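Take a look at the structures below.
You will see two complexes here that share chain A, one where it goes with chain B and one where it goes with chain C.
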Partner chain A sequence: MDSIIDKIGIVQALWPSLVKGLWMTFQISILAILLGSILGFCLGVAKTLGYFVLEKLINGYLHLLRGSPYLVQLYIIFFVLPSLGISWLQFDGYTAAVVSLSLYTSSYVTEIVASAIFAVPNGQSEAARSVGMTRSQTYRYVVIPQALKLTIPPMASVYVIVIKSTAVLSVIGISELTRQGEVAIMRMPGDIMFIYCLIALFYFLYCYPVLRFSKWAEGKFGSVGDVDH
Partner chain B sequence: MSEPMIMIDAVSKTYHLKSRPEPVRALDNVSNHVDSGEVVVVIGPSGSGKSTLLRSLNGLQEVDSGKIVIDGVEVTDKKTDINKLRAKVGMVFQHFNLFQHKTALENIVMPQVIVAKRTREEAEEIANDLLAKVGIPDRGNNYPSMLSGGQQQRVAIARSLAMKPKVMLFDEATSALDPETVGGVLELMRQLAADGMTMAVVTHEMGFAREAADRVIFMDEGRVIEENTPNNFFDNPQSDRAQDFLRQIL
Partner chain C sequence: MEWLQHYFNFRIVGNYAEVFLAGIGQTMWISAVCLVLSLIFGTLVALGRLSKNPLIWRPVAGYIQFIRSTPLLIQIYLVYYGLPAVLPIGNLLDEKQTGILALTIHTSPYFAEIIRAGITSVNPGQIEGALSVGMTPRQTLVNVTLPQAVANVMPPMLGQTAVLIKDTSLLSIIAVFELMGAGLKMFSETVIATESYVTTAVCYLMIYAIMLVVSGMLQNKLGGKAWRAN
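Moving on to the complex of A and B:
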């Protein structure tokens, strides 16, 4: 009985800082998802246009981002870039977090968008071109609307990955959820297990609806294949 | 004598594929013409270049050499506004290729609004008239996935007709249909022919070729082997290859 009252006491004491942490996690992940999706969408479309050099450049970008751990990318953007002495590359922690996570997000979104566009049957563009639509009209009115439907399920899985990746941001001192938890543990080292479970629960409360949405969308729209991670 | 509607002059096309050792000569110096209001049926064995020929007529397939002119506009000229030309040349595909994310009505409305710059109201009126004309007046709100193959092909024909084309190209328009829906679509094509549409039709429906064609073109290995009136072609084919082909399919 005592211990339950004890735990309620801990939750009450930590509640404000954990909610603040969740709010920070939410902010950064939403910004990264938004910016990363816009960038990824543009790169994904560009990759399908059939310009050889452009495609190779984008592939290079993707390999760079997907072939290295996110933590290393974060370090490079936060610690290494400022040392180059270029003024617009002097990021504070918050900006570095948003920038690096957006780039990371974009690398997944690019692949998803490009493969969704390739998955739209060729006959759709042929029919559009045959009635006299230009190439860009064909993309805008026929190919992309159909491709976007295919991207919904894999996109939701990527968003969950991005949300969970924000935990890494504690290493550069962003007061997101994990960081707030670590601070709390310094205050109450005896309750480390309970506090980590509490943090996991907070992440779960944020990710679960997205995952449910992803499952629902997969049933409704089908998928262009899973993302590898 | 007026100009022919379609003029094909010494057109050649060779496909090079990395995965194939030999290049494929899909069109080998093909020349022909189709007069205004004429219905030409193109037949020939698989791989003889029929689709390549048809697709080159609206520039969907670029050719290596030769000249194609439709209604006085040179398709093979790089300076031609190919999109403007394509609006005048309807194309009907084996697999219908309706826009999957749009209803039947929207499939017919969208190109009119985007390409022909008609108002929505005008486009919808034309679309509804055409749906009635092709025999499915009450299917406008259905998505393609809810329509039978035959119904989808009718919508596809209506979509092409909405652009008020001067020429209609049909590439095996009934090959993917269930037997019971083939007749209706062929009947629709006959009706179009009777209305004076200029048509180039690739088909395996020999009954249609015999009744509806003004002229039959027989192709093999990228060349026009024989050209004849339907009755002569079917009853008294001149070339050995046409005789072989007819023996195999009839």
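Moving on to the complex of A and C:
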């Protein structure tokens, strides 16, 4: 009984800082999701336009981001870019976090959008062209509305990946949830397990609804295949 | 080449070539051990998830959901700090073994989901057909079911293996020496960020490129409908 009261006391003491951390995690993940989705959408559409060089360039970009761990990308954007001596590339921690996560998100979103556009049957765009729509009209009114519906379920699982990746940001000193937990542990070193379980619970409460939504949306809208991880 | 030297000093990287090679070796070794363990444990998890008994599949589903919705970093911390407190033998594992354990716990559910999809992906008509032409159940399994299941499962499996290799980089945070650790070692000794981290990235990209080639070869060998997705 004593230990339960003890734990409640810990939760009360840590609550403000953990909520602050969760808010930071939320803020960064939402920003990265928004920026990354916009960039990924543009690149994904560009990939399907059929220009050979453009497609290869985008593929190269995807391989660069998919082939290296996010931790390395974060280190490169946070430590290497400032040393190039270009003033607008000298990000502070927060900007570096948002930029690197957005790029990381865009690599997933690009592939999802491109494969969703490819999944729309050819007859749709042929029919649109044959009734006199221009190419951009075909994309705008026929292909993209159908493709966007297919992207919803895999996009939700990408968002979970992004939310989970924010934990890595603790290594560059962003005071998000994991970092707040580490600080809390310095304050109360006796309760490492309890505090980490608490943080895991916070992440779970944030991610699990999104995962459930993804599952539900897959039944409702169909899917263009799951993303790795 | 003089101007390039200003941005990227190859000579210093050359001095650290051995460290990076050792790092690549460690990363590959840790990934390979984790891959084997996760395949074994993942199969068990998949079978547990497919079980009809709610006492088995509910806890297994809970485990899968927990792993999927919490960050790997937190799981590594939980194993690294939590294991010695919970289990008396926890102290016997060094950080590398703890890291492998944490990565296995993290990766198994993902493999389990892939294996589950593979088991359910083979069309029952295929099995009925094989049985009806007089194959024994064993022949059916070996010649009909398994080849198709493996071919269907291979692309996501390779993708997940690539993710696993990238995930080993997080072990550097609990002081395991691997590729990322090699980069951090070089950075802490020379304090030149560009060479340290760009070299690390290039090494990871090389591993990734090799994986792409291998998966291309496997694709030609196996065929299978799921390849279209990549």
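The rule is simple: the second predicted complex is superposed on the first by the 228 of 229 C-alpha atoms of A that agree within 3 Å, B and C clash if a C-alpha of one lies under 4 Å from a C-alpha of the other, contacts with A are read in each partner's own complex, and residues count from 1 in each chain.
Here is the rule we go by: a contact is a pair of C-beta atoms (placed from the backbone, for glycine too) under 8 Å apart; a residue touches a chain by one contact, two chains touch by 3 or more.
Remember, predicted model here, so these are calculated numbers, not experimental data.
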item: First (chain B), second (chain C), both or neither touched by A:L211; value: second
item: Chain B versus chain C as contact partner of A:K20, first or second or both or neither; value: neither
item: Chain B versus chain C as contact partner of A:P145, first or second or both or neither; value: first
item: Chain B versus chain C as contact partner of A:V72, first or second or both or neither; value: second
item: Which superposed partner A:M133 touches (first chain B, second chain C, both, neither); value: first
item: More chain A residues in contact [chain B versus chain C]; value: C
item: Residues of chain A that lie at the interface with chain B and also at the interface with chain C; value: none
item: Touching residues on chain C, where the partner in the complex is chain A; value: 7, 65-66, 68-75, 77-78, 81-82, 85-86, 110, 156, 159-160, 162-163, 166-167, 169-170, 172-173, 180, 183, 187, 192-194, 197-198, 200-201, 204-205, 207-209, 212, 229
item: Residues of chain A defined as touching chain B within the complex; value: 121, 123-124, 126-134, 137, 141-142, 145-146, 149
item: Interface residues, chain B side, partner chain A - complex; value: 58, 60, 83-87, 89-91, 93, 95, 97-101, 110-111, 114-116, 156, 159-160, 163
item: Chain C partner contacts - residues on chain A that touch it in the complex; value: 63-64, 66-73, 75-76, 79-80, 83-84, 115, 160, 164-168, 170-171, 178, 192-193, 196-197, 199-200, 203-204, 206-208, 211, 225-226, 228-229
